[in-house]
Each structure stands twice: as structure tokens, then as C-alpha cells.
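Everything below concerns the one structure shown next.
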Amino acid sequence: MAYQFDFGSILPHWKLLLDGVVLTTELAAVGAVAGVGLGILGAWARSSRIPVISQIVAVYVELIRNTPFLVQLFFIFFGLPALGVKLSEFQAAALAMVINLGAYSTEIVRAGIQAIPQGQIEAAQSLAMNRVQIFRYIVIRPALKKIWPALSSQVVIVMLGSSVCSQIAAEELTFAANYIQGMNFRAFEVYFVTTGMYLVMSIVLRQILKIFGNFLFERRHHA
Amino acid sequence: MPEFTLWDIVYNLLLAARWTVLLSLVAFVMGGFVALVLLLVRTAGNPWAMRLVRGYVELFQGTPLLMQLFILFFGLPLIGIDVSPWIAAMLGLTLFTSAFLTEIWRGCVESVNKGQWEASATLGMNFTQQMRYIILPQALRIAVAPTVGFSVQVVKGTAVTSIIGFVELTKAGTMITNATYAPFTVYGCVAVLYFVICYPLSLYARRLEGKLHNVSR
Amino acid sequence: MSLVELHAIHKSFGAVQVLKGIDLKIDEGQVIALIGRSGSGKSTLLRTINGLETIDDGTIMVAGKKVGDHDTDLLDLRLNVGMVFQQFNLFPHYTALENVMLSPQVVKKQSKAEARAIAEEMLTKVGLADKMTHYPDQLSGGQQQRVAIARALAMKPRVLLCDEVTSALDPELVNEVLAVVRQLAEEGMTLVMVTHEMRFAREVCDTLVFMHHGRIHEKGAPEAVFANPKTPELANFVGGLAG
């Protein structure tokens, strides 16, 4: 007998899915803002003249980029309590995302900084700017502008990656899907719909990042 | 209850890591093959085929790997194909890999100078000949570094298959944790093992990239 | 006491010795051109005066203060010494006005109104009053270079270094930049320039410094240097220009 698809059986649970979307969005927002912020700090520290600082950042970046997000998540949620650090599911998920995106964006932002012509920095030096001023006024905005597309892609990847946070029972979209299929036994339908929701979310997120980038880097004409 | 030494933990993880490596290899090779076919379809210029391939790529890049695995794992039985976690994991990662490699390689093909297409066309070559003798050899040189770099993503992607019950490194970590109640040590070891697999690939990719830049300069 | 005093400056890049003991004094109001073949060390010398190149040995005194290698020393130095580059190096994400206002605001902590007044004054001085809200890529090379000059002047430096400021320009744009430099010289600005524009150097400068193989080979008033070169190297250089 052929399988009868029953997408209608999901409808009663729409509220759960919506809650999941909200939590996934929250995770993505926290991850994106703090992760990119961490990446900018990391890129700055990576160019530090103090070798130890630069090396610590390099180790952090390599450790994170060469291990799976899921393992990082488990380590933070299940492993850290051994050190007395007990985090809620949401806190652990958010922290894992920030640390993960932080490492990737450190590398991405660093590439952007390295692409700034040396002449820009020399010109700023000749105007008596110090290192912090040069970074803040001369380097960071053109650098971010250059790598904004790569950074946006990484943010989307991290948002999609948050789906494994269901494994520590963070109640995001995938968790909601798992929960619903446990009630109505319509696994395929539930995951199919959820996948569609993720697709929409990634398209929307990409658009938001694009608009935000345009706003950030647009030329403002002062009167 | 037996006492687990650190070596017991590492030894059992190492056994499971073989599956991580095997799954990565299979997914990478099969995914690469699928990607090559998709790339040719896309480059050949039929607008509908192009759109289809682009949709395929965007679908896999725009949804979580975990969802892709769930759909295969729960969906295939509905059309009468019973899949083990291993088959679902293999299929899922192959599709995932193929989408990303298609996109990476497309960029490489497009970065070959337009003049190369035109020059080879004026020599009377058809599409297959142009690809085979002119474009692919050049694109290949550019593609090696990002392809090796992406292999790291494939290895890390295999961790997600633990969620559909495929016993590889991460799943073994969870199982051992449940037996030892030592998550800090176990997941620490799991992370180290992934690092041991991935870091050489990352280093190699970076070396290749550096070499390429020096050559083209 | 001179405004800038260089004493026994040595500088190597790896095994290559670029500056082999330079002594040079620059007085207030002096207009100096550094001339010589490419590779003679003249650009490097100019860059050491602004601390863009560290020196291996020797001392640099600016306005009576020895320049050490601390960051704060360099900032002090650069408040007195402005610089204009061959490649303009305008900040692409700021308008002409913002390029000029930036440093007075963030380094000298001037109010926005103050910085703006100075920036407008300087841009007007270089003939760009109508281009203030343009971005660098909306300006010609000559205009960009004039903005760069205005940007350096807005910091009120006591000496301005010009590193081949017309070398990157299309020939028809050279004169508008030279006219600005000439005007500065006439107003009594202390200038040190590396230039290949020999006629300009001859007309505008009061001192020519001929560099050869990392040393100051000859130095003097333009007429003397051009008419009576004392060394065969200079004679050769001057002769090569004529030919």
C-alpha cells in the first residue's frame, strides 16, 4: 500500500514550530552579533605585536575550524560542568555559536585587513594617528566592506548549523520538529516542512545581511 | 562496572574514527563525481539545466545538513527503500558534498579567462574538447586548494550523522560518555581526534593556496 | 637650531645598505629637493624623516627633540612633519572633506566645527572648494593629490614631505599639483621633496641635494648644482637629464 502523505497533521502544532523559529532566530542573532564582534577583536589581536597574543588567537582559530560544531557544543554543554561551568541549553548553544563564528570571522576579517593597501596605513601614520585610531577609522570599514559577502555566508552557515543544538535540548526549530514527529509519527512531513522553513530563513537572513551591509557601507553625502 | 582508563577511551574512539574517515572518503569521492556531472551540465549552457543545478546548489546550501539527513532517513522508507543509518549518512553527505563542490568548481571554471573559450572555439573545438583540453586543466590547478579545504568541512559534516544513529567518532563519544560519566575527557579526546584528521588537510590546503599565488605572480 | 636635523643616518633592507650615513639640516622656510637616480635612497631618506622607516643607526631631531622609537615619539614627530605620497593614499570611504577633517578631529581632538573650518580653508586653498563632498574615486588624480596636500596641511605641520607627488599623474595633471606646491613654497612653508621634475626643482627650491648610492654626494643652490657639478656622478646625472 502506498504511503499517504498527511501534511495536515502538522497544522495543529504550528505554535511549536513558530516558537522554534523564534529561538533559532534568537540564537542566530546572538551568534551573529557577538561572533562577528569576536572575529573583529580576534583579527585585531591576531595582528598584535605581542607574539603570545597573536599565537593564542591562532590556536583558537585552528582548534575551532578543525573540529565539528556538534563536538564543540557537547564539550561546552556536557564537558564544562566538570570545571564548574554550568550553562542552560540556550546559553550553551549561544556560546558555542559565538565561539564557532568568532573563529571563522577572525580569519575572514583578517583577510580583509590584509587586503588594505599599505599606503592607507602609512598615510594615516603620517597624519599622527595611533594604532587604535588607524584600525578604527581607516582599516576596519573598508576591510569589512571587502569581506562582507564571505562573512554573510558564514553567518548563514552558522544559523543552519544551529539545528544540531536540538541535541542538547535547546528548543530551537529542529527540536520542535523532533518533538512534533514524536507526537504525530509523521517524521517525513514534519522534516520536509521544517527544511522549507530553514530555506526561507536562510534566504531572508541573506537578504537582511545584504541590506544591512548596504546601509553600513553606503556613501553618505553630508550637506 | 569496569573502570575506563584514558587508553580505553582513546582506543574505542580510534576504532570509531575509522568510520568517520571511511564516510568522509566515500562522500568526498562520490560527491566529487556528482559535482563534476552537475558542473558539466551547468556549464554546457542549457538555461533550464543551469537553473536546475543552481536550485540544487541553493537547496543544499540553504538548509541544515541535519534536515537533509532526516529527510533521507525518514523519507526513503516511505517509497519502499529501507535505509540503514550508514546508507542515509553516505547518501546525505554525498549530496551535501556535491552541492558545495559544484559551487566551488564553478567559481574555478569561471575564473579561467573568457579569452580561453574564444581562442579554443576559433580553433574549431566543440564544448567537450574545450572542457577537456583547455578549460578543465586550467581550472583544476585553481581548484585543488579550495577542494582540499572543503574536505575539512566534509569530515566535520560526518559528525552530524551521529544524530541519525550512525556510529562514528561523535556517536562513539556520546556512548562512551554515557558509560564513563567523563564528558570533559571524552569530548576533549573526540575533539583532538577530529583535529588530528582535519588540521593536516587545512595546512595542506593553505600550502597549496600559497603556492598557487606565488606561481601566478 | 634647525627644524630638522639628521645625523649619521644608516638604514639597510636585509643585506642592502640603502642609507650610508646621512647628515642633513633643514631650516625653517627652506625648500629642499632630493634628486638622484632611482635606488639612490632618496625616497627612503624622506620616509625616515617621518618615521615610516625605522633607522638602524643615527639620530633624528625635530624641533629640538630627539626622535626615539617609542610610539609616542613617532606621534609627536608626525604632528610636526606632514607627508604627501606618490599614490595619494586618500581614504576611499571618506569624502574629500572628511579625509581632511579626520585627523584634526581624532588626533588633535578639535571640534567638528573647528576641523571643518580648517578643512574647508585648506581645500579652498588647493582649489577644490567645489569638490568637498566628492569621494576619492570621483576625483581625477590631480584633484586627489591636491586633497592629499590639503589633508596634510590641515594638521598644520612645520615641514611637509613630498614623495614624488606627480609621478603617478597623467602628464596633463602634473601642473595643477605643482602649482599648489609652488604656492606653498612662496608662502614660506618648509618643504622637502623627492622629485623628477628638474625644471620645477630648479625654479622653486633653494637647495638641491644630490644622492648617490645611499650618500649625499653634492648639495647646493640649484644654479650652482646644475651649472657646475663638482663630481662626475652629478655631471652624469645632469647630463643624462638633458639628453
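Note that the chains take the letters A, B and C in the order they are written out, and that residue 1 is the start of every chain.
We take it that a residue touches a chain if its C-beta (ideal position, glycine included) is under 8 Å from a C-beta of that chain, and two chains touch if they have at least 3 such contacts.
Since the structure is predicted, the reported quantities are computational estimates derived from the model, not experimental observations.
Colleague: Centre-to-centre on C-alpha atoms, which chain is most distant from subunit B?
Modeller: It is C whose centre lies farthest from that of subunit B.
Colleague: Per-chain C-alpha centres versus the global one: which chain is nearest?
Modeller: Of all chains shown, the one whose C-alpha centroid lies nearest the global centroid is A.
Colleague: Can you give the whole-Å distance between the Cα centres of subunit B and subunit C?
Modeller: 55
Colleague: Could you give the separation in Å between the centres of subunit A and subunit C, each centre being the mean of its C-alpha atoms?
Modeller: One centre to the other, that is 46 Å.
Colleague: Indicate the whole-number Å distance between the mean C-alpha point of subunit A and the mean C-alpha point of subunit B.
Modeller: 21
Colleague: Would you pull the subunit B residues touching subunit A in the complex into a rising list?
Modeller: Listed in rising order, the residues of subunit B that touch subunit A are 59, 61-68, 70-71, 74-75, 78-79, 152, 156-160, 162-163, 170, 173-174, 177, 182-184, 187-188, 190-191, 194-195, 198-199, 202.
Colleague: Considering only the defined contacts, which subunit A positions touch subunit C in the complex?
Modeller: Its residues touching subunit C are 117, 119-120, 122-131, 133, 137-138, 141-142, 145, 217, 219, 221-222.
Colleague: Sort out for me which residues of subunit C touch subunit A in the complex.
Modeller: Subunit C residues touching subunit A: 50-52, 71, 74-75, 78-79, 81-83, 85, 87, 89-93, 95, 97-98, 102-103, 106-107, 133, 135, 148, 151-152, 155.
Colleague: Help me check something: in the complex, which residues belonging to subunit A touch subunit B?
Modeller: Residue positions touching the partner: 3, 62-63, 65-72, 74-75, 78-83, 156, 160-164, 166-167, 174, 177, 181, 187-188, 191-192, 194-195, 198-199, 202-203.
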